[in-house]
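Each of the two complexes below includes chain A, the first together with chain B, the second together with chain C.
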Partner chain A sequence: MPNTMTLIASQTLSTTAASITFSSIPQTYTDLKLILSARLSGSSNVGGTIQINGVTSNAQRVIFGTGSAVNSEQNNLTGIHNSNTYTTNTFSNSEIYVSNYTSSNNKNYHYEGTTENNATASYIGMAAGVVNTTSPVTSITTLAAGDTYTANSTFYLYGIVKQ
Partner chain B sequence: MTDTPMAIEVNCKTGAVVERPFTAEEIAQRKIDAAAAEVRRAEEAAAAETLAALKASAKAKLIAGQPLTEEEAATIVL
Partner chain C sequence: MAAGSTYSTIMTNTLGSAAASYTLSSIPSTYTDLILVIDGSTVSNIQFRMRVGNGSVDTNSNYGGTQLYGYATTAGSGRETNATNPYIGASSTTNSTHIIQFMNYANTNVLKTWLTKGGDMGSNQIDLSAYCWRSTSAINTIQISGNGGNISSGTTFTLYGISAA
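Right, the complex of A and B next:
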């Protein structure tokens, strides 16, 4: 169980950006949690990937639900965010959790996120992945796949110390 | 001409925030990610179309008093 959760760094976009990287992550915590509240510039809600230490090849399994159907996939897509067709000024809510990020093992993470929209459809995405790097995590990048995050999207990185 | 995508880097140690254009390698990876996202979008669209067709068929059959298939019946929320 987490004992403390400390904000390491945050970023609120004042303009669009295709990726956000938190670098020089301190090595003083046990786990990391990255919380996103994001909106995409394009018309699709499918659009995020994650990189740890810049590694682009993750072994990842994804569960993706639409509220009326569920798909299981194997790809690097983690993010599901509000698109520009969603209710104005609404943003998705997602988190990426990296456990034991300072260890000398390959790095495990999980993702979960949901969209927010004044409509009858709702989307949720969940993913679990392993990044082939035994180095401590010093950077985490979240990218909008082929798209950009809009202004006012927020990204908060927390460090968690276990009891 | 397509604008170069921009990356934002937040240095957790110093707090410095840098905005820079994607490198060539990042752009190449972005295209790969975009292609994967497009595959999912196409699958979603196909699934939505199938579901809509099943619902329409289920509704028509209910009105006509005809038996539904199991797939059509599954679209009805009870």
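Right, the complex of A and C next:
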């Protein structure tokens, strides 16, 4: 029986990068799951936007907690990553799930992630969003939103097949 | 010896026409956890709701849960106690994704619990919740419904089984 969840590709940074792209995504799966373990080079811990097929127009609803407050917003940021002020050698964990990525609908996705920090300030967030492209997904790009991902940040793209 | 698959597709279906509900039945008890992915919409701004059961879904007030949500610029939390048709998430005519994870769904020594996560841009809401069905019966039936309206044609329901070993 073929595997339901299969690693399509992965990238581990050996140096900083402003974005990561997975291209030529095979059309043989049903859903996609992108798992990130990332750290930013700068001091902001709000980083990351998503492009699907190079399309940047997206909107999402975000809820996030800081450890002492909770907020709800509409924005296009798809990433809550450790900044350079966070505990050394510590990376955030996050996941982006794109369902029915080969369909002719606009592409909706789910994001969840958390920073890791040995301090009182840390973030956990969840988002639901949509990218206005009705084409099947052939590429996904995650950008560090004005910053760069550090070396040793990892990105894994899985395909999930329903049959 | 090659290891068996840990993450397996149990069943999948796409609605060919709008319907008040969709039921997944005869769910095998051979996995440890279940993941149900709903990708679709409803005919208006309503909610996805769910019942579970063994043989048939429980329609009695045996469900309870806690919700965390973001609606527009408001973050909030709510509770359902003694519910008969527990909440999954907001829905609208815009396609949305909702993921439900059932832990130990076939273990007859524990009450059944699940986590839901999802959001809907059409209704400007994102939802996260944890629920309990006060029964030790194994879950082999799941019914998803639109609360106050139909689930749209084209909505897909895919159920995955996760094996611990």
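Here is the rule we go by: the second predicted complex is superposed on the first by the 159 of 163 C-alpha atoms of A that agree within 3 Å, B and C clash if a C-alpha of one lies under 4 Å from a C-alpha of the other, contacts with A are read in each partner's own complex, and residues count from 1 in each chain.
In this section, a contact is a pair of C-beta atoms (placed from the backbone, for glycine too) under 8 Å apart; a residue touches a chain by one contact, two chains touch by 3 or more.
Treat the numbers as computed from the prediction; the structure is a model and nothing was measured.
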Exercise. Chain A superposed: clash or fit between chain B and chain C?
Worked result: fit
For this session: Considering only the touch criterion stated at the top, classify A:L157 as touching first (chain B), second (chain C), both, or neither.
Result: first
Exercise. Looking at the overlay, what does A:S72 touch: chain B (first), chain C (second), both, or neither?
Worked result: second
For this session: Mind working out whether A:I8 is in touch with chain B, chain C, both or neither, as first, second, both or neither?
Result: first
For this session: Could you look at A:T56 and tell me whether it touches chain B, chain C, both or neither (first, second, both, neither)?
Result: first
For this session: Check the residue A:S44 against both partner chains and state whether it touches chain B (first), chain C (second), both, or neither.
Result: first
Exercise. How wide is the angle at chain A between chain B and chain C, using CA centres, rounded to the nearest 10°?
Worked result: 110
For this session: Check the residue A:I20 against both partner chains and state whether it touches chain B (first), chain C (second), both, or neither.
Result: first
Exercise. After the two structures are laid over each other on chain A, how near do the C-alpha atoms of chain B and chain C get, in Å?
Worked result: 13
Seminar exercise, completed: Residues on chain A touched by both chain B and chain C 71, 73
Problem set entry | chain A-touching residues of chain B, taken from the complex the two chains share | 5-15, 17, 19, 22, 26, 29-31, 33-41, 43-44, 47-48, 51
Seminar exercise, completed: Given the complex, residues on chain A that touch chain B span 8-11, 13, 16-26, 44, 46-47, 49, 56, 64, 66, 68-69, 71, 73, 75-77, 143, 145-148, 157
Problem set entry | Residue ranges of chain C touching chain A (in the complex, touch as defined) | 5-9, 12, 37, 39, 68-75, 94-97, 99, 117-121, 124-126, 128, 154, 156, 158, 160
Exercise. Can you list the residues on chain A that touch chain C in the complex?
Worked result: 1, 3-5, 30-31, 59-63, 70-74, 97, 99-100, 105-106, 108-110, 112, 126-130, 160-163
